[in-house]
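Before anything else, here's the structure in question.
Each chain gets a letter, A, B, C and D, in the order it is written, and its residues are counted from 1.
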Amino acid sequence: MGVRVVLLGKLADLAGGGELQLTGPLDWAGLVAGLPEALAQAADDPRNKVAVNGALLADKASLQASEGDEIALLPPVSGG
Amino acid sequence: MGVRVVLLGKLADLAGGGELQLTGPLDWAGLVAGLPEALAQAADDPRNKVAVNGALLADKASLQASEGDEIALLPPVSGG
Amino acid sequence: MRDIRLLTEMFIPGALVGPFTAANPGLGGVCTFVGEVRSDGDVEALELTHYEPLTLPGMHGLATQAFARFDLMGLLMVHRVGLMRPGEPIVCVSAAARHRRDCIDAVDFCMDHLKSAAWFWKRERRAGAWHWIEPRKDDHRDLARW
Amino acid sequence: MRDIRLLTEMFIPGALVGPFTAANPGLGGVCTFVGEVRSDGDVEALELTHYEPLTLPGMHGLATQAFARFDLMGLLMVHRVGLMRPGEPIVCVSAAARHRRDCIDAVDFCMDHLKSAAWFWKRERRAGAWHWIEPRKDDHRDLARW
């Protein structure tokens, strides 16, 4: 089943696509370790937010994702 | 020919109509003396403005109108 | 592109704003305010009187101030005079600009000044009797913001 | 009356604002902002990506804040996603209220927050190549006003 990692904005470019599959369970360190190198470096930018199953995390370090969960990596927005 | 006196807003009600004809030349005291009593009292309200031939006067006391001129008495506006 | 009008008949704001927007190609934003006659309980009608030698020059002067103050591409300022019923539009101000802040602020500025500084007198008919409307304190406070 | 939409196809703001205005009888004013894709020199197209589990709830949350903060009768908030060409509308926010200040401020508030706090990512195609747009410093300054 795996953990679905959704990449938004320019993070999708760094990943070569909008989505990755990793194996759970995953904490923040485990997630970063599983990302392609360019993306792993960018993911640590403190301006990026993380959501699990559509709920934003106050702190990336608190990430806990299990098989079947969806993690989203969200760079700063530029809407409107 | 006379001096045409145009009354706006509630000043028209006090005059019983939107327009009066007076005989020129007229300064401010002469104008007030020629107005119906209720209107004469209201005209002195410092919030009222006076225009001669479409040009606002900075100071009512500077009014000088000749035969053929149009004086407008303008109470505070309530537009929009 | 400046379009300033005094109208004596009912108008449809959308019929003015659509062509106005199209007349300013390259814009980034359009802000529009439409004021209507409120159905305040027993208000049957509203009448707006103006003094023609001052009204239209006053609106053009206000438009000139808005163009000087904000980075605008276009300004539409339309005001009704005469007799209106609840639900009818009284005023429509629309500003087109490359950036959002300019067009929103320009509409805000024009409305504050139209309400308190333009040459209109308003009265309402309630239960068959006409009542003049005095300027509200809010209007003076709004003007002091600029 | 609250109408919040994410649209994947081109829309005509006037076709939304007319019915929205009619759906709020008794209003005193309607303020509308429409943002369009600016024809900035060589921009060929704009693409807006969003993260669906956050976008629409985010817009509803913003509408709830606006209703709590301003005395509104209705709020329309429509945002495009997907691929757009210069001249096409991206966003339309319209607020109906009994009084002018509430509807103008509500539109201003929603636009400031939509630009900087909603979950959209924007990129432009120039000379065939896509470029991500970063949030502008102005947007953060605008947010700090509230």
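The definition used in the following text is that a contact is a pair of C-beta atoms (placed from the backbone, for glycine too) under 8 Å apart; a residue touches a chain by one contact, two chains touch by 3 or more.
In this text, all values refer to a predicted model and were calculated from it rather than measured experimentally.
> What is the set of chains touching both subunit B and subunit D?
C
> In whole angstrom, how far does the Cα centroid of subunit C sit from the Cα centroid of subunit D?
The separation of the two C-alpha centroids amounts to 23 Å.
> Whole-Å distance, subunit A centre to subunit D centre, using C-alpha means?
For subunit A versus subunit D, the centre distance works out to 27 Å.
> What whole-number Å value describes the gap between the mean CA coordinates of subunit A and subunit C?
50
> For subunit C, give me the residues that contact two or more of the other chains.
Expected reply: 35, 100, 111, 115.
> Please set out, as single numbers or ranges, the residues of subunit A touching at least two other chains.
Residues 80 of subunit A touch two or more partner chains.
> Check the chains against each other and report every pair that touches.
Touch list across chains, by label: A-D, B-C, C-D.
> Which part of subunit D faces subunit A closely enough to touch in the complex?
Residues in contact with subunit A: 35, 48-49, 51, 53-54, 57, 79, 90-91, 111, 114-123, 132-136.
> Which positions of subunit D touch subunit C when the two form their complex?
Per the stated touch rule, the residues are 14, 17-18, 21, 25-36, 38-39, 86-87, 98, 100-101, 103-104, 107-108, 111, 115, 138, 142.
> Given the complex with subunit D, which residues does subunit A contribute to the contact?
Spelled out, the residues of subunit A in touch with subunit D are 6, 8-10, 12-13, 51, 53-54, 56, 70, 72, 74-80.
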